[in-house]
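Okay, got some structures for you below.
First chain A sits with chain B, and in the next complex the same chain sits with chain C.
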Partner chain A sequence: MTIVSGKAEARRTLQSARSDVLRKMWEHRADYAYVLPAIAVMLIVIAYPIYYTIELSFFNTPPGLQLRDKIFVGLNNYTAILTSGVFWQVTFNTLIWTVASTFFSFVLGFAAALALHRDFIGRGVLRAILIIPWVISAVAASYIWKWIYHSDFGIIGAVLVELGWAERPPNFIDSVSTVLPSLIVVNIWREFPFAMIMMTAGLQTVPEPLLRAAKVDGANAWQRFWHVTFPHLRNVSTVTILLLAVANFNSFIIPWIMTGGGPSNASHIWITHIYELAFGRQRWGVASAYSVLLFIILMTLGYFYVRALSGNERKDGGA
Partner chain B sequence: MRRITVGGAVLRGAVSTALTISLMSASALAAPPVDLSKWSPEYVRSIAGTQDFDTAGDCAKVTPLDYKGRLTFWYQGVFEGDPDLLRQYYKDFFATFRKTYPNIQLEEQALTYNDLLDKFRTALLGNAAPMAVRLQILGGTEFASKGYLQPLKPEDVGYSTEDFWPGAMKAVTWDGVTYGIPTNNETMAFIWNADIFKRAGLDPNKPPATWDDVVKYSKQIHDKLGIAGYGLVARKNAGNTPYRFMPQLWAYGGGVFDEATANPTYKDIELNSAQSKAALQASYDMYVRDKSVPVSALTNQQADNQPLFLAGQLGMMISHPSDYNVMLDLQKKATGTDKDKAQTVIDNMRYGLIPTGPDGKRAVVFGGSNIHILKPEYVEGGKVDEPAAKAIICMWTSPEWSLKMAYAGSNPGNLNGFKTKWMKERLDSIKFLDVTTSMLPYGIPFPALPQSPEIMNIIVPDMLQNALTGAMTVDQAADDAAKKVKDLMGGGL
Partner chain C sequence: MSTVSETISRGRSARRVRIDGWRWGGRAFLVFMLLYTALPMIWMLLTSIKSGFAAMQFPPQWWPDQPTLDSYQKLLDPQNSVGQDFLRFFWNSLIVSTATTILSVIVAVPAAYAFSRFTFPGRNFLFFAVLLRNMFPAVIFLVPLFILMRAIGLVNTHGSLVLTYLTFGLPLAIWLLKGFYDNIPVQLEQAARIDGATRFQAFVLIVMPLSAPGIIATAIYSFIGAWNEYIYAYTFLSKNEQLTLPVGIQRFFSENTTDFPGLMAASFMMSVPVVVLFLLLQRYFVRALTEGAVKH
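Let's look at the complex of A and B:
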């Protein structure tokens, strides 16, 4: 008797909740209609490609066959990737690339933001100059840096030889040991202005009275930074770092144009490797499996990004 | 100044003999418009300007000149390393086509050698390909084997199969069916700076006879003058790399398969044979042991070697006859003392035959491009305007335009082009042209396989990079490349 009435109660609650949801949806029907085109577009340009990429990751696509003649191989592509030496080399490169680029871009950008937060003559001009690397085309920048680094007649090498500091121009991008750090430097140069802009915006939200109060209380510059400024920048820092990390995981232009992933795969990162597998070697299946793995990693990063954003919103709402 | 320093009766005799033997061995010698058995620089000069052709009249028989239609067309066009002269001929061609066929709405798109395959493959996946395409010689079989191309032979546009080089026709044939028409065919030659040779203590009028000599000369130039000896190119995903390394590989007796033999079967992989390894070792010796080639060879293309050569910082390289015109173009842009320095280099620029291997074997890539028509189901809109496509193909592969579009860097795909007045004009204006045409009988086509683009653009450059960076030993790099080819041919992942 008790069990029966409990079930009936649960059913009534569920029905009530459902009708409540439906009622609310009906009340907001105009809102749904407004976002419907956007959702439809997203389904076409995002959801379907994701589905198709996942499907393709279970097929072999030999270069002598059309894509429609693909051969089902189950998880073989994933097995092939995980047991391949190139995968681990490329993964290692990607981690070094992402971590180093993100860390140094953020640190440099933060330092530049702090420096430019002070009021001094020429601050606006300096800020504009520092933003240049971020606003110029990545393709153009890559070609310029390729020439700057050129192992035979690059400007850095020429200056070093001219000054007598080196007998031969240094080998920046034609050596397996120096190519990745050299490309990371270019990437940091391109990205630190983004971090600078984000942190500049963050710095403007730090309450001035708090800083003044800390100063009155005898806190030195470092203590004011560490105990007042930095805690206020925690969320914007998290968002900046996550955005940089996602962008770096997805990098393509700089390594592809400057070295094509070479020499000897030393500067191949995931995206360039996926591109070469798909478009150069027509291994659409393997490339798709790589993409699925990358998607999982990026979704994980995206989750933390959304959480960081939600944290910001909750905090803002609470204040 | 001597025009061809390697010239002379002995050389010409040898070239003529080799040409005769090579071309006579070709099966498709039914009735070519020129007598290939007599082929020599002198013969080419003797036939130049002996026949007139009416391009519009010939093409009107294929597609009436008042035909109304629409054509989408992609082609491998000029790029940064080409001379201005060629750019002008490309402009002229499309202007003439529009004038000849005023009712055909032409939507053409030029792509560079290195971009075309990627873009074309992507377009095909989305059934968004153009109606007609001009591809590098390497690409034809890949797309024919996949069923993307319509059968198309020279007879379909008013010419005869015998009007084209037999080797070029092989590259457009898959499973016994012809899927395209060659537009141009070329072989490169060996270029050196006589002044650098002299200053390095080498005979300025004598190019290296063998690839082992190239290694020695490169070292001598570097050791004596502190500049790069030979313009090695080992960039990945760049057509320049196989065009420069394969002649070396074949000369040493190696190969990817047996493509250097008269009747290749492409069954056995030869990339890790002792001969192939010897060729790779020669590159290793220049790059790693002697450090006598540009350090930037791993990221360089030929376009990067050109300014180096013009600046007098490079002693030897392999390239087209058009490089002479490129040097002239670059020299015009130089200023001050650089202009004079560049002129000195141009005055000392020499062309010769590509060196032989240790056994006297000489080889060069038989390069070029082909033109194709797509099947309607892979074309945007699902329709192909065949008469419009045949009109442009007829015009491009005509004696007149197949010569003009190959004016500075190649040769006409249509052998009748050698008889035109423009060939005569070209022989007088394009320096060293007869040296590169003399290399034609040594030309070896890339394997006519769908896997060739990956082998030539990725696996072979990877092998070079693995050996030259020390990531692998020469033996390991060759074995690794051979394994990759084996996996690829086996349909592996």
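Let's look at the complex of A and C:
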């Protein structure tokens, strides 16, 4: 009884809420004009491709991408992915790549932001230099590091030999065991400035009087950091880590240019693998199915991203 | 009496030692980060002023014996075939990036303003939908966009790049600008409207000038993003005379696999415009980027 009336009640409020929404939408119709261009562009280039990728993932499409000749294969593309050995290897690589890159970029960036928080001569210059790797093209960065890691004339190998730590220059990116860590070093080089920028801004919001009060009460530097500074930075940290994780999960250029996923798939991550399946081997169906899986993973991450962001909004008393 | 002052001074010196420990740790760390960041770039510059022969030596010439600007001359010489290509790629990148920048400012400004000021139904949903775009890698959109571009005849044109760059630049541009508009007091516009301005006039005459730093930052961000973009350009363009720099340099290198000085010189020249732009305007850029995540 109560359940039924509760349901009816809910339906009634839902209905009135719906007409409310429509009325409000009509009242605010002029406001939509401002967002319309942005939404229109997004729809063409985002919603349509997502729909199309999902459709293609259930078909086998011939190599030349003749769409009229595509054959419906149901879930075959998905089972093909999950039963292939490469899938698990690539997933494992992606996990290591994403977690290690995100962790070290964040820690190094945060530490740099802390070290640069106190004013000193040349701070601005130093900060600018540290940000440059993030600004330059990833293609340029890949070539610079490819040259640094070069197996015959690379500078790191030469330094190791000069110091007597190695007989001859090691193969950094041509060996299965060292290629992934070597590429992660390059990725961190490019990503840590982002964490530094975000955390620098975050540090500026920590109230100075609170820190001084803690100091008067006898808290040491570590205690002040852990009990005052860090709690204030929780939101910024969450957003920064999520953005880093997504960017790293989605990276393509560094592995693609430096190794192309080799040797023997040791540096293939999801994105490079999908690209190779699609535009290298022209297996459009499998590549699309991979994209759909990727999409699902990212939507899950996106959920947390939006929650972290709207948490920010709420704390400020809404917009 | 004396014991009290003694304890106090001892406590003080102990504290100073501790703080100094942190400070020295911080300095050492900054030196390490400076080396990590700068050494690769310095090595790029040093290699770019070597001859091809000098670069391929073991042990390497730590400092070039005979510095030469040959690689730069070759890249910038319009008579040379390499120089012709490089200058054309440079010009293509410039056109694509500039067009993207102008368009994204035009589209992002009203959208960000609406998200900041108006409370229309679906506002939050649309805002987060726009942000979510940032979550997805280019690869997901690549195949269908390729088909779409082929269908509307944009493959092998710069238009295909501008259209795609516009969308992946938009979410962040909107987010950045919204942060700026949130910080401009609504009362300013209200005053203008009391004085008889329409909402649109208030927007153009009052809000736009105040948000100039945000617009500058958004423009830099779009420009850098478009300038550095690789994967769409790599997929959509196949004609040599239309390539942008990142793809062009890759093609250049796959043909001259041992010309490392040339490659380093090209990488350097490709980085110059964005680094200069960034250094000139970094104040706006850094501020805008953090405005959305951190509110002051």
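Observations
The working rule: the second predicted complex is superposed on the first by the 292 of 319 C-alpha atoms of A that agree within 3 Å, B and C clash if a C-alpha of one lies under 4 Å from a C-alpha of the other, contacts with A are read in each partner's own complex, and residues count from 1 in each chain.
Keep in mind that, in the parts below, a contact is a pair of C-beta atoms (placed from the backbone, for glycine too) under 8 Å apart; a residue touches a chain by one contact, two chains touch by 3 or more.
Please read these numbers as outputs of a predicted model, since none were measured by experiment.
When both complexes are overlaid on chain A, the residue A:35 reaches chain C alone and has no touch with chain B. Contacts of A:173 after superposition: chain B is touched, whereas chain C is not reached. Of the two partner chains placed by superposition, only chain B is touched by A:286; chain C is not. In the superposition on chain A, the chain among chain B and chain C reaching more residues of chain A is C. In the superposed model, A:91 lies in contact with neither chain B nor chain C. Legend: residue contacts after superposition of the two complexes on their common chain; A:271 is shown touching chain C, with no touch to chain B. When both complexes are aligned on chain A by C-alpha atoms, chain A residues 65, 67, 150, 152-153, 169, 279 touch chain B in the first and chain C in the second. Against chain B, the residues of chain A that register as touching in their complex are 60, 62-67, 73, 76-77, 80, 146, 150-153, 168-169, 171, 173-176, 258-266, 276, 279-283, 285-286. Contacts from chain C toward chain A in the complex involve residues 15, 18-19, 22-23, 26-27, 29-30, 33-34, 36-38, 40-41, 43-44, 47, 55-60, 106-108, 110-111, 113-116, 118-122, 124, 126, 128-148, 163-164, 166-167, 170, 174, 182, 224, 227-228, 230-231, 235, 245-246, 249-250, 253, 260, 263-264, 267-268, 270-271, 274-275, 278-279, 282, 286-287, 289-290, 293-296. For chain A in complex with chain C, the touching residues are 21, 24-25, 28, 31-35, 37-39, 41-42, 44-46, 48-53, 56, 65, 67, 108, 111-112, 114-116, 118, 126, 128-133, 135-140, 143-145, 147-148, 150, 152-153, 155, 158, 161-162, 169, 189, 192, 197-198, 200-202, 204-205, 220-221, 235-236, 239-240, 243, 246, 249-250, 252-253, 257, 271, 274-275, 278-279, 284, 287-288, 291, 294-295, 298-299, 301-302, 305-306, 309-310, 312, 316, 319. Listed in rising order, the residues of chain B touching chain A in the complex are 118, 121-122, 125, 142, 145-148, 228, 234-238, 294-299, 308, 311, 313, 450-451, 453-454, 457-458, 461-462, 465-466, 468-472, 488, 491, 493.
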